[in-house]
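Letters A, B, C and D mark the chains in the order given here, with residues in each chain numbered from 1 onward.
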Amino acid sequence: MSGSVLGDLFKISTWGESHGKALGVVIDGCPAGLEISEADIQKDLDRRKPGQSPFTTPRKEKDEVEILSGVFEGKTTGTPISMIIYNKNQRSKDYSALKDVYRPAQSDYSYDLKYGFRDHRGSGRASGRETAARVAAGAVARKILAELGVEITAYTASIGPVKIDSENFNQDDIPKNFLYMPDLAAAQEAEAYLTKLIEENNSSGGTIECRVKNIPDGLGNPVFDKTDALLARAIMSIGAVKGVEIGSGFKAARMTGHQHNDFFNYQQGKITKLTNNAGGTLGGITDGSDIVLRAAVKPTPSIEKTQQTVNKAGENIEINIEGRHDPVIVPRAVVVVEAMISLILVDLLLKNMTAKMANLEKVYGENK
Amino acid sequence: MSGSVLGDLFKISTWGESHGKALGVVIDGCPAGLEISEADIQKDLDRRKPGQSPFTTPRKEKDEVEILSGVFEGKTTGTPISMIIYNKNQRSKDYSALKDVYRPAQSDYSYDLKYGFRDHRGSGRASGRETAARVAAGAVARKILAELGVEITAYTASIGPVKIDSENFNQDDIPKNFLYMPDLAAAQEAEAYLTKLIEENNSSGGTIECRVKNIPDGLGNPVFDKTDALLARAIMSIGAVKGVEIGSGFKAARMTGHQHNDFFNYQQGKITKLTNNAGGTLGGITDGSDIVLRAAVKPTPSIEKTQQTVNKAGENIEINIEGRHDPVIVPRAVVVVEAMISLILVDLLLKNMTAKMANLEKVYGENK
Amino acid sequence: MSGSVLGDLFKISTWGESHGKALGVVIDGCPAGLEISEADIQKDLDRRKPGQSPFTTPRKEKDEVEILSGVFEGKTTGTPISMIIYNKNQRSKDYSALKDVYRPAQSDYSYDLKYGFRDHRGSGRASGRETAARVAAGAVARKILAELGVEITAYTASIGPVKIDSENFNQDDIPKNFLYMPDLAAAQEAEAYLTKLIEENNSSGGTIECRVKNIPDGLGNPVFDKTDALLARAIMSIGAVKGVEIGSGFKAARMTGHQHNDFFNYQQGKITKLTNNAGGTLGGITDGSDIVLRAAVKPTPSIEKTQQTVNKAGENIEINIEGRHDPVIVPRAVVVVEAMISLILVDLLLKNMTAKMANLEKVYGENK
Amino acid sequence: MSGSVLGDLFKISTWGESHGKALGVVIDGCPAGLEISEADIQKDLDRRKPGQSPFTTPRKEKDEVEILSGVFEGKTTGTPISMIIYNKNQRSKDYSALKDVYRPAQSDYSYDLKYGFRDHRGSGRASGRETAARVAAGAVARKILAELGVEITAYTASIGPVKIDSENFNQDDIPKNFLYMPDLAAAQEAEAYLTKLIEENNSSGGTIECRVKNIPDGLGNPVFDKTDALLARAIMSIGAVKGVEIGSGFKAARMTGHQHNDFFNYQQGKITKLTNNAGGTLGGITDGSDIVLRAAVKPTPSIEKTQQTVNKAGENIEINIEGRHDPVIVPRAVVVVEAMISLILVDLLLKNMTAKMANLEKVYGENK
């Protein structure tokens, strides 16, 4: 229970360090009969991999995934799916100088406190690089959801002070700019902002928004396993995330009940909500409307600009963290957010199959 | 797996409906030898119970807890602790009129979708009343933490547009106003705001902030079981919460790395951070500084003001929800937030005992 | 995690001590829409309750169950089902003399080692009385299975040296004798044997056999969650069980492959096995044939006959355990075995619903 | 939840098929600071690997393990340990003839029922080859236990009708014969018996016994997580096992209480039991005496001798299973039994650290 296992029925176990031999994931509980190939997974990994824009680390990693088990003749067998991604471009020596230094806003210090020592090469297990395994697993989850018509789309909603304008929103624009913004004008402005920060050896925070369309209703459970609760945990588990909100989010705190309540409406045989402040769930259970959530991402902690810190010897020192770092985490985290949401939703999808006797009848009706 | 079980080592299983016979919780995994009494638990339940101020529902419930197992001669035995709270003041008939109506921003509709039908009396399992069981379990968790010197304090940080002023912050003021605000001037202003909303048959949202002092370092795990991730899930699982943030939270999205990074400082044999934007964890692991988090709470959905909605027959109707409702959820949720944080932290505390061989040596050293 | 939680999807949390206020169980994950009443559960509890024959303890307990939550208008709601059984006939003073004595073959000593102290009244949590909660939960599981046509029947297969004769096997005879044997001649012989042991202040062991008919195929999973593995755990968790075998069991060790292999046969559109040495599973997965298993039950440890032991002061002493004890555990454990098997099978039944994409299609096919 | 995850705190996730690219395991929850190397693990794998005696399949697999993560500079880091074993000697074509045949006493038929199809190459996931991953994980668990002085020794107790004689028992003899018997005379007799069966294209069953010395007391929990219950599940999960017993096992069923009860004795400051019918636990909790258990192993199902069966087309046919098979599973399963017991015990060891407040004091005492 070192924290790298997620899910109840669609259970994943991720492993690997930034500068170890490889990273990977084992999925235990993927239903049999899903068509899946390495190409399906690579597509998402390619969106996460570094070195693709002026706004990501130039570390070159192809992040090629290999499926080692659980798939036979192009279909999942129902047994564990093991996937591996070899590290190719480790340059551990970049980090030897930092071996005895506690970098601000990183986990060096807390890992030493917890474990007594740490793998200091590129943050080891605490590196954002571990998210490659999440994305690989998420791609399988997303494939199952896609079979049922579910669409999951995340994008950059803001970088520093630059926000997308809802009037300019265009989903097709997302892959058309380095920053994965659905608003090209905002993207241009954000790129200028980032370019300036790069020059200053500094970095920026931002926000990610995600929309899930056509999610089956009834997912999630009362009390602790509300859909929003499990999504919040999954999103907050991404290294740099400092806040999560669903639907109206923090705005709800300033609203009245009459403003906030989504009124129901019946039209053409269908119940809908006139607004979606709830963000897709009622009482934690999906109600057929879109899931909408947002995450706040802190600025990349590794910056070259001079910082004060301490070393293991207990000396107060100054550091300038050289190496290969993203000036902003947000764009590369977009696909990680999608992966995490896919993983949670597929687990809820499977669990909800057992929620009522009528479903048992559908599956086992012929046994009687 | 209907969503009412929480925790790995300190595992709780809650049960009960708003208008059923009783509510309760079973704690599986409380260490043996903890001194605990019903009075310890009642203290927290009394902070949650209704009918104590003009700003809560007048439903009269004493919420008296009874310990049924797991405690012998004043101490926990290490076996399951079962606690029960009988419902005394159910007025189910208040709800019969709402039997076939989908109230806006409530779970009536989603429960029907998921389960095929629902216990409609007072929202059944979806009622905020289920949090009584959380608070009872949380009180036991808090007792363990207190034995190690940990202090957990939540309070109302805002109601509608009225926020506490950090310069007026006074922890001693929290129990001195109906709204649990650590700023009596803000409390007075918020009370006026609420009084007006009550007159308008409306309700208000707000925010809760929580600080945890003297938490042992090393709690939490990399990747999915980061302290902040598990706290986010726990807080977001409280019915009305729409957002959670830790440390700098959503502000982090607008900051630069150099602004956001907490610099380390070594003084008098101790490493500290000069700021606490991280909010108490690094890489998801507690670093010895205070945990600070905030939750956004939506306005009470049950309001008497006229709303549009639909009924099961598919008719568009108008409703005015009469009955006994809180005009704001926040003050009564303060102790629930403390309970949820206690439950997560005690589970992490127990799990962290196995994080390193040096701890095994401490416990089993004599076996060799 | 004090060991009182069982199951993944149909998760039960039991609690209570022999001489505490009550015992009970919370079921988290029962599908909604199951018709269930207290009478359904009482039926099984009545088979377990003491005082019904010369071969059980004369302690009088009505073991009346009360459902406190999760059932509305006669049907399960999908939320936690809490059940309680109050202790009525505790005579704790019987045990005060044993407070500082370690009774042989009981858990007094090991509980003290583990927890530092123990609830000594009637063995506390270690009493066979805890199985009442298992039986209550098992009755709900059995009801679900019965809806799908599954039949679970356990019976006494031997007491001491007296075994049932397969040629005399008559299922209808099981409730017709105090010992729950499906062979009245053997029952008569066993009663004589027990009567003699009672006179000698001694007790007897025995075996229980269980057959499960019409179980859906495909239940269970490869590797660790084989049906037989989970059944073995569940049966071995009953206090007095020292061995478990499935199908051919220990006989398999003396057979050749050609003798042991169950040959397949195809007839009238159906594949069957010509023998059932496997006992109902292949590779841990049910194959449509009956599940057959056996458990070895040790003799009741509490006997009045003089025994050597030690007390907490470290003195070697002799004891004669007076009080109210069963001269044989087997007959009352029969329904406990059925309960445990029901609990495991219903959990596997629910989990198997997610084993293949074709089942997702059955439940969610209309979402696309 | 496809059944390949085991453990709560020391959680393993195994994967891989007999004729896939590789097999492996991820360990989540190994304490930091354990010295471990590939050589430590290879030692146990070498005892399991095929091709080492006339009584195992001649398939040549070196079963070389590679550690991919979680170990840094020779010590575990506390993060997931991923281990991989590549398959080198797959000869899938041996199996193409069996593609549409349901081999007796194998999982071909049940996998098709459950999943709709299967990886038919060498039984896929159902092959005994998956136990390599168990052994690799078990070697890490064993290393932790060894640090605390725990010794786990399994051996062949019988093959077909040939049993070891307790008077000839010599632990040093175990590695000195191909059959891992602690009695060379019995081994010789068993070898003769097996040689004859090989000539007849038949196979044999047998039993394995295991003893655990110096296990810390207090491990295991009341009710469902009794040490014996968890061991039974783990042992029964090994493919060919049909029965498990602890201590007196099935003999207990024929004994009286006075014969079976282990009397306590106090001598030289220590409490011991005069006998060990309990097999090392009381009430499911270890009491300081040796854990003793036995498993019944069925004969290898794959035999060349003619068998009746059916194919997917529904035809009754005869088959002679050619290929490379062990004439007896027992000797190679000895190390698998040790691995499974190690995995269960290390998990209980970690969990028991949280059983009492006194242990929290040992680990966190300085926090106050």
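Structural remarks
Basically, a contact is a pair of C-beta atoms (placed from the backbone, for glycine too) under 8 Å apart; a residue touches a chain by one contact, two chains touch by 3 or more.
Just so it is clear, the model here is predicted, and its values are computed rather than measured.
Of the two chain pairs shown, B-C and A-B, the one joined by more C-beta contacts is A-B. Summarising the inter-chain layout, the chain whose CA centre lies farthest from the centre of chain A is C. Each chain gets a centre from the mean of its Cα atoms; for chain A and chain C, those two points are 44 Å apart. If each chain is reduced to the centroid of its CA atoms, chain A and chain B end up 26 Å from each other.
Taking each chain's centre as the average of its CA atoms, chain B and chain C sit 38 Å apart. Residue positions of chain B touching 2 or more other chains: 1-5, 8-9, 14, 29, 32-33, 78-79, 114-116, 125, 222, 351, 354-356, 358. Taken together, the chain D residues at the contact with chain C in this complex read 1-6, 8, 14, 102, 104-111, 113-116, 125-126, 130, 158, 160-161, 197, 202-207, 217-226, 228-237, 239, 242-266, 269, 271, 274, 277-279, 281-288, 296-303, 305, 307-310, 314-316, 351-352, 354-356, 358.
Residues of chain B that touch chain D in their complex: 8-9, 29, 31-34, 78-79, 144, 147-150, 214, 216, 222, 349-351, 353-360, 362-364, 367-368.
Taken in their complex, chain B has these residues touching chain C: 1-5, 8-11, 13-17, 20-24, 26, 28-30, 32-33, 66, 68-70, 72, 75, 77-82, 84, 114-119, 124-125.
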